[in-house]
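Below, each structure is written out as structure tokens.
Each of the next two complexes has chain A plus one more chain, namely chain B in the first and chain C in the second.
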Partner chain A sequence: MRIVILKSLLSQALQTISKAIPTRTTKPILYGVYLEVFATHIQLTAYDQEIGIQTIVHPTDDPEPTLQIEQTGSIVLHAKYLLDIVRKLPHKLVRIDVTDLTATIRSGSATYTLNGMDPREYPHLPSVTEEMSLSMPSNVLISLIEQTAFATATSEIRPTLTGVLFSFVEPQLRFIASDSHRLSIHSIYAETKYSYDKLEAIIPGKSLNELLKILPDSEEFTDIYIADNQLLVTFGATKFYSRLIEGQYPDISRIIPTTWRTAIEVDPKQFTESIERAALLARENENQVIRLYLRRTHIEVTSNSPDIGKVTETIDPISFEGDDLQIACNAKFLLDALKALNNYQVRIEFTSPGSAFILKPTNSDRPLHLILPVRFGPNT
Partner chain B sequence: MGRIHVLEDLVANQIAAGEVVERPAAAVKELIENAIDAGAKKIQVIAKDGGLTLLEVQDDGSGIAPEDVKLAFLRHATSKLRNLGDLSKLRSLGFRGEALPSIAAISKVTLRTRIADAEEGVQVRFEAGQLVEQTPVGCPKGTRVTVQDLFYNTPARLKFVRSLQTENAHIVDVVARAAMARPDLSFRVQIDEREALHTLGDGSAFSAFTAIQGRNLAKAALWLSLTSPDYALAGLIVAPEFARKSRSDMWFAVNGRPIRSVALGNAVLAGYSTLVPKGRFPVVAISLSMNPTLIDVNVHPSKTEVRFSEERDVCALLTEAVKQTLEKGVASPIVQSLQQDTASVMTHTKEGSIVAETSSASTGRSLLAAKPATSWSQQVVHEQVSDKKAMQVALDLFGVHSAKPKIIPHVDRQVADSVKEEEKFPLHRQLRAVAQVLKLVIVAEDGEDIYLIDQHAAHERVLYEAFLGKIRRRENYPLPLLVPLTIELHAAKIELLMQYEVQAADFGLRFEPFGEGVIRVTHVPSIWEGLDIAKLAHDAIYDLLEERKVTAFQNEIEDKVIMRACKAAIKANSTMSQMEMDALLEAMQKLDNPFTCPHGRPTAIRITRSQLEREFRRTL
Partner chain C sequence: MTKLIYGLCDMQSFYASCEVASREEFAAQRKEFDDSSDPALVVAGDPARRSGIILAATPTAKKFGVSNAMRLGEALRLYPRLLVVRPHMEFYLQVSVRIQEVMRQLFPLQEQFSVDEGFFAFPYPSHLFSDPIAVARKLQQRIWDQFRIRSRIGLAPNKWMAKMSNAQAKKTPGGIVWWHEEEIPTLLHALPVEEMWGLKKRAEILKTEFNAQTIGDVAKIPIGHLRARFGVWGEVISRWSHGEDHSHINPNSYGAPHKGFSHRTTLPRDFYTRHEVAVVILELLDEVCYRLRRAHQSGRRVGLGITYEKLSGGFWRMRTLPQHTNTPEELYPELLRLLDQHWDGVTGVRAVSVGVDQLQFTEALQLSFFVDIPKRKGLYETVDQIHERFGETSLIRAVSLTKAGQLRDRSEKIGGHYA
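Let's turn to the complex of A and B:
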């Protein structure tokens, strides 16, 4: 195979697929990117058996050539080395010549010779029938992921909780994530090519975080396909595959409280800063507990670490409804939720010191974040 | 009147006893050595209250002639040597003639003895070194020494006696070591009317080892045997996963004498290399045979230390023997028991199975105990220990009868084969990865047994061997130092060091004399870059002087490789696809040593089919 390609174009494609290159594996070929050159385009594939990414680069009609295909062929090259090399190359254009399993990479006056691996040994990407699909703008999918993926569990004790529940009940698509101490839900109305009664899948949170890094923040449409145990997301010239988590996601329908006794509205930025200050002293205790004293006149944010000291800060809420209340919770959960709601004015609804409270935009129920408080000690 | 006077015998003997009989176990040691030297086949030791109220050693040896009995209690009276020349050719355990008088000086001793062709025996009683009674007596052939009220007249010593349990343990330990050194003799120890140890004396090292260390360790033991023109080594070394926290189970015997030796211990550790983690010590029982002129046992009255005239040779040979033995047959660690005696029924059947197994094991090993052994002490002392002779001695020691030296290699191979068959990780079998569990362990099977493989440790070992290979192939060149290192050394040592100038330069280390008592290091190996050069240079030079070879930086580099392998290896708590598991197992099968990670932890645990069948009580 022989190609000449714009360095930036190749580097961007490599950057995209590198999300599916494992950092550690016992199967060395998985460190490689599968580079295929066809008569009309080139295709790059990486697949670490958990997620797979495939992207295609076409020649464009620009006056200056971006991709010139001289001879077709394929090779597997160590992705990390290739990406590092391409980034550092001195010239705008890169020439790659492959004979047998050796790639020669030239740019300006620099020449690299890279040992390749046999493409026949590269694993095949899973096949996903493109029947069951949903379409939505890329930035909508981004917001679905951003509002939920952070709340997934990191421990494997309950494997289903490490994923985000993808639940489509026409016409609403909901993303739900929980680590059993907090829960985040976001939903949208999605278009479908066909009509389904119900479509459910659990997508690994890790996969969604990787997807987030390569999804374009634009109105461009993405298609989501769900097969038996695979997810496929296509956008532009890129296909993103992920394994799905098997199992039954817990029923969350009755977890979300419908009534409240105390409700406040806060500016997420100001509230975040106060909590970050209080959390400085909460770092020492295991679950970073901070306390909120909600009063009609003001809100007090405190944290007390017996070995270090204590902090108190008062803030004025934008609005306050209902009764005074004291509640304690994990500062990190609160900060995560506030960060997700950064662009909204936030309403927080409490029921009692011992029951879950929710954070959401002032005049909407989407997205919604629920946090379980920490039990209050009698004299703290 | 002058102030200097000769000490009374009793005082002199009590002082001597201080060196020889520091605790009851030491008295036992002296007495069983006497018994062994008397050619006993069966030796029985009885102790009560830690040996303080009663110690009795009975043997079926040659006995003492009536006219010699009183002499035996005189200091420096011995039948074992006559002149200094004998000392260097000594094959008996005792020779100083101090044991009996020393013990008699600090206790009440009754000795009854009969020689084979006497019609009646004789009994003598000593108290605090004084003869109080001598009577003819009827008794079996041999000697019985009864020591009562040990230390009764040396309260200072009595004060230092530890708890009775400790003293009991020491007594058993002393006898066990002697029994291991002489598997051709039967030892029986009774402590407070309870049998604490019984070796059969069938000449089989394996059977002695089983009696002493238990069935589990014996099953995990490998047979070690190596001979050189001057030395013969034979013994059992236990698979690394049974390593202990102290050196106390590394047993050595030289010419049938149990000894303690840090040097030999270190040589064994060097043989185990990365198979045991730092601070762990394998269980071994190794006998060395050599011409007595090559050792000096007269280092300390208790004779548990010896000096080798060529210690380096002995240690190198031992390291090599251990290495070879482990390479031939390191077993993948076998799970000892899947569940700890959950029900009494279970325990009961287990015991049943233990009995059955022991007997089958011993018949399986009976090759080792083909015929009653001849004890080397009765053999002609050979001035020149030839290869064959050495081997013969070694095999005799472990009870392989060697009337026809020709058959020995055959027997040996059979033994080795049976060990291999039983213990070795079946590398030729293809392991199939069944599943990953807990994101930590790969479950694999080979159609016969189950393997639990630690994904991180196994991958670490794979990478370690790959990286090490790369580093060994890497070019190493002398790296010049802008500011040379100076090391102060004794002038004589500098002389010695300069002899190795060329050898060191091969590794990239260059140095030259720099004035009086100082050398200057001008170049260091390039692979030291980024390491503590001053320390490495110092260590390397020290190594050159001590070991006559450069080793220091190799260890340092090994550490580096271990670190790198550890970092690049797949971590616990990461999912592995089937493809990755298969790749790992395949890579493992190509390793030199797939069974431990470079830190010395095991990579795989094997659960055999028969173990499973036993646990599920399909078979008993």
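Let's turn to the complex of A and C:
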């Protein structure tokens, strides 16, 4: 194979697929990017067998050539090295010549000879029938992920909780995530090609976090396909594959409280700063516990660490409804939820010191974040 | 000026002494200042097997050449009429606790140092302890009167010197020695380097690299040279060689919060299947979690140790969790994951250990959507109460009844020996 390509174009494509290059693996071929040159375009593939990313580069009609295909062919090259090399090349055009399993990369004064790997050994991407699909603007998918993926579990005690539940019940698509101590839900109305009664899948939180890094923050449409054990998301010239988590997601229908006894409205930025200050002393204590004293006159945030000291801060809420209440919770959970809601004025609804409380935008039920408190002593 | 005198009191052949003292026929003839009044008795790991190891031997047995850690077969070759006794660990621990208590009654400033040693300190000169040798003798006498166990006491200006003088006391008739500050050049410096307590391999280096034969030779080495060779240890060595030690008596050293809990067991045969190893892991984890609950603590890091067949090779791997926990439900899956990641699944497993550390005191209960946490806590409290009242084996997991289960056998042992 022989091509000449614009350095920036190649580096961008490599950047995209590098999210599916493993940092550690027992199969060295997975460190590679599978580079295929066809008569009309080139295609780059990376697949760590959990996540797969494939992207296509076409020549354009610009007066200055962006991609010239001189001879078709394929090779697998070590992706991290290739990316580092391409970034640092001196000239804006790169020439890649491959004979057998050796690639020669030339740009300006630099010449690299890289040992390649055999494309026949590269694993095949999963096949996903492009039938069950949903379409939505890329930035909408981003917000679904941003509102939920952070709440997935990091431990494997319940493997399904390490993923985000993707649940489509026409016409609503809901993303749900929980590590069993907190729960986040966001939903949108999605367009579908066909009509489905119900479409459900559990997508690994890690995959969604990688997808977030390469999704364009634009109105451009993305298509989401769900097959047996695979997810496929397409946007522009890029395809993103992910394994799905098998198993039954726990029933969350009865978890969300429908009534409340105390409700406050806060400015997320101001509230976040107060919690962050209190959390400085909560860092070392178990569960990063902070306490909230909600009173009609003001809200008090406190935290103490027996070895270090304690902190008290008062906040004036924008509004206060209902009864006085004392509650304790993990500061990190609160900060994560407030960060997700930083574009909204936030309403927090409490029921009792021993039950979950809700954070959501003042005038809407989505996105919605639920946090379970921490209780003290044997009988609390 | 009133200063503190530090003492170290240790029991002679502790396990063996407990056995002699608890047998009427031997206890009656036992004399405090006559070692030969003891029978030639040894406590051996597993008396049924000649490959068992000698854990303790009376002075009489030692006269025949028997020593600790010797194989029983060899000891019996040296003296075929040796009295061989299996260990009674629980009994020794009970005696140990009571002896420490006797020390504390005489000296409120007291610190347990091991199962059969304790440090103490008292002011001198003072009215209460006007004659140091006499108060040391009083302690020695009380231990003899109550337990029929001989003890040796070293008194000195600090803890390290007390340890050193105790070593001398063992070789001194009467078993009590008091070293004064001004005796450092004559008594301490005359001792060979090997007798500097706490140095381990460093003593050998002092001999070969610094040509130091006595502790006095070490005291002459410039501290800079020692620091260059041993790092911070260099300063400690220099200080000790001059008879200095600044450590204090810590009465609560055994009551201080633990840094971690771990349990280990050696299996009666090699285990080859994941299921069998998993049973042992769960049993050990239950014990670790029980101790965590008793201490009102929970941990963030869990470790799994596997020793392979022939007790050679293996691994110890740890995993840090997102949250502190002390429940088996949360720790067990992590341990299985460590097992799957690091065990090849083929090599035989002969010993297993499970540990939890990075501890914190648990006051707060993080609630969960899917598990009733307060209810689970109540369940474990009930299980613990049943165990404390009716014994460890009164309520066990069904899996412990399978062939792989070690719990019932293990519950009869302390420190790997039958209690």
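Please note the rule applied: the second predicted complex is superposed on the first by the 375 of 380 C-alpha atoms of A that agree within 3 Å, B and C clash if a C-alpha of one lies under 4 Å from a C-alpha of the other, contacts with A are read in each partner's own complex, and residues count from 1 in each chain.
Quick note on the criterion: a residue touches a chain if its C-beta (ideal position, glycine included) is under 8 Å from a C-beta of that chain, and two chains touch if they have at least 3 such contacts.
These figures come from a predicted structure and were not determined experimentally.
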Simultaneous placement of chain C and chain B on chain A, clash or fit: clash
First (chain B), second (chain C), both or neither touched by A:123: first
More chain A residues in contact - chain B or chain C: C
First (chain B), second (chain C), both or neither touched by A:25: first
Which of chain B and chain C A:372 touches, first, second, both or neither: second
Partner chain(s) touched by A:364 [first = chain B, second = chain C, both, neither]: neither
Chain B versus chain C as contact partner of A:49, first or second or both or neither: first
First (chain B), second (chain C), both or neither touched by A:102: neither
Partner chain(s) touched by A:156 [first = chain B, second = chain C, both, neither]: both
Touching both chain C and chain B, counted on chain A across the two superposed complexes: 156
Complex contact set, residues of chain A against chain B: 24-28, 30, 49-50, 123, 156
Chain A-facing residues of chain B, complex: 439, 455, 459, 462, 568-571, 573-577, 579-581, 583-584, 587
In the complex with chain C, residue positions of chain A that touch it: 153-158, 178-181, 183, 250, 252, 255, 285-287, 289, 328, 330, 354, 356, 372-377, 380
Residues of chain C that touch chain A when the two form their complex: 298, 321-324, 329-330, 333-334, 337, 360-371, 374
